[in-house]
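Going by the order they are written in, the chains are A, B, C and D; count residues from 1 in each one.
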Amino acid sequence: MAAGLRVGAVARNEAKLEALIKSKPSQNVRSYAADVSKAEDVARVFDSVERDLGEPDLVVFNAGAFQRGSILDIDPADFERCWRIGCFAGFLVGQAAAQRMVKRGHGTIIFTGATAALRGSAGFVNLAVPKFGLRALAQSMARELGPRGVHVAFTVIDGQVESEPYRHLVDERGPDSLLAPEAIAETYLQLHRQQRSAWSQEIDVRPWSEKF
Amino acid sequence: MAAGLRVGAVARNEAKLEALIKSKPSQNVRSYAADVSKAEDVARVFDSVERDLGEPDLVVFNAGAFQRGSILDIDPADFERCWRIGCFAGFLVGQAAAQRMVKRGHGTIIFTGATAALRGSAGFVNLAVPKFGLRALAQSMARELGPRGVHVAFTVIDGQVESEPYRHLVDERGPDSLLAPEAIAETYLQLHRQQRSAWSQEIDVRPWSEKF
Amino acid sequence: MAAGLRVGAVARNEAKLEALIKSKPSQNVRSYAADVSKAEDVARVFDSVERDLGEPDLVVFNAGAFQRGSILDIDPADFERCWRIGCFAGFLVGQAAAQRMVKRGHGTIIFTGATAALRGSAGFVNLAVPKFGLRALAQSMARELGPRGVHVAFTVIDGQVESEPYRHLVDERGPDSLLAPEAIAETYLQLHRQQRSAWSQEIDVRPWSEKF
Amino acid sequence: MAAGLRVGAVARNEAKLEALIKSKPSQNVRSYAADVSKAEDVARVFDSVERDLGEPDLVVFNAGAFQRGSILDIDPADFERCWRIGCFAGFLVGQAAAQRMVKRGHGTIIFTGATAALRGSAGFVNLAVPKFGLRALAQSMARELGPRGVHVAFTVIDGQVESEPYRHLVDERGPDSLLAPEAIAETYLQLHRQQRSAWSQEIDVRPWSEKF
């Protein structure tokens, strides 16, 4: 779907980035290693992207970390780490994008959420707290930045995204039972292309066969 | 946007239909007069559409009636009438579409909601009750019919749709401050085109400059 | 809990009322037979209650009917009947109570909801549509009537209420796994007793052991 | 309302605590100075309370910090600080309470939220992100701990709480237009007293005259 787009991918380590880019050989993807939970890394990446690819029209925040656990046992350091990657980094990236886009008067920022953004569950404290927070951030930014021309949206990804370690699940669950990354990307691209008289702030996506 | 689609439009009276079709001269629109709050009219329209245009792949339920009023004064007959057009008709149309689409194992049904589907407000009883009900219907249908191949979505239209009587508002509020029907239609069409590994159940749309 | 309160109970048939009152022999309960989905019955009951017990300070709307079914099969007449008892009757009772309470500048109206008021599920169209609608009504009324001194609240009852036909479930699920009517009543009474500087609009109740 | 209860109050500085206790001369309140965003302080306070007052049956988390600001200008250090006090501290306190209460098989934990827990607004990033996160925590804990006998609830305080600096607002807005602390406390106490067959997880409170 990204044909014609120039894409900059950001991840914490080179190995992950190389794997990502090798998986999309046909696309024009440039990679940047950064820890997006650090303000200086975020600033550096935005500068590099602008130099290499031009000012970004669409910024997608996808980062997350999650360690399942009982409230009785969760290590406070893990609770903080999951929030730092899943929510604080979203703030840093969102702010950096907003500052640049408001100057130009246009642009799209999409934050990737999950069902855990709408509902806290037993064992999911470390996922729900950052995702609820990210949704709060997206709503607040949308209400502030919409009238300044910047479109901020939040997605609720409900289900398992198709990727190597989970592909066997398709045998159990049937065809199209995992979210195809291209299908998610298509919805993100449509959000970006929406005319400004009809912008969406929040949208869910899940496989047809998913219980919810 | 509907280029290439064959469209059947349904409305309660001929005059409204003629105006609708005259406003879309370039499109291939066929019109049907029916009161969709009557089961026999709904059945007749589905039969006619199938004969004229083939089995519908996408059914959109848009009907609604609203009379603002205080809870102290609302005439029970008005309360019922607004529900009959805005919710009961949605049930009839949704059921007729579902029965046909489940047989084929595919199809999309979209119910048009509003902010009043999420929030009841003073004076808006006659809008909120049917719209909340329509959202309940859409959610229940989505959970039942998704695993049978039928995509059911609900939209939250937040703002004034651009149309003749409201066009002067653009002067007050600025460009693109009313929802362009084509922009809404584009989002509906994208919902219909979503791959089944990543279906959306609910999406909001509003003008960039709208307070919410 | 209702010690000291004078209670009027309303139900559709005499047998149901007699059973209800026999189950509360210690309480001062007066019964009225009425079909609360009919405006004339509602008016008559309010008149009778005022004559017998005085103007009501607290009105609770509990009525409901539900027939589980697939969207493919639901008889439109059942869909309408469930709405007429579960939502339209709520409008009639709420309006009658509001008209009287606004004149006096105080009073409490509580509408009884369920999980199905927040979430539509497969097979639950006939429950979710009226309950969503009742919640829309309660919110709209609360926003209009609060500033006129009338407290409108909505409850989300999540779980099985303890009653004869379900008592065997306690053996399976353990102690206090069904909602005790007295425990629900206690929460209703506390809502009614709230000082007007801190009124609640919505509250859920469920057994401690309930999954949700 | 707290007559008969033994209360331990925790705040970051002695001056604030003294003021708090002087404002409730009639009550049996013991004070503890602690920074509840630090795990060691939280552990120390729980130990002191147990020694002085016995194991707590009801723990209320109220802490919060908020600095209004545009997403374009918020200092990341402020964003983090508001979260650390408003959400991370809630995790520490909630976890410490849960560990003790689960052993005994009973107890109540109440987290104090706000409208900003349900809705992100322009300028309110630093309030909404922690409050959304706190709500996620409360929901996750409720679902895990309910079946272990511990009642976890979240309150949505919507409006200005009555306190010295805001008392002049009553002149503008009318009587009972600010939330009386005693009225809020009454609702908290009722939550704590609920029978376990009918526990509430979330409840809102606002003045009768508040717009919402």
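Here, a contact is a pair of C-beta atoms (placed from the backbone, for glycine too) under 8 Å apart; a residue touches a chain by one contact, two chains touch by 3 or more.
Nothing here was measured: the structure is a model prediction, and the numbers come from that model.
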item	value
Subunit A-subunit B separation of Cα centroids, rounded to whole Å	31
Between subunit B and subunit D, centroid-to-centroid distance (C-alpha), Å	43
Sites on subunit A at which at least two other chains make contact	143
Graph class of chain-chain contacts, one of line, ring, star, complete, other	ring
Interchain contacts, given as pairs of chains that touch	A-B, A-D, B-C, C-D
Residues of subunit B touching subunit C in the complex	39, 70-72, 74, 76, 79-80, 83, 87-88, 91-92, 94-95, 98-99, 102, 116, 119-125, 128-133, 135-145
Subunit A partner contacts - residues on subunit B that touch it in the complex	143, 146-147, 149, 151, 162, 176-180, 182-184, 186-187, 190, 194-212
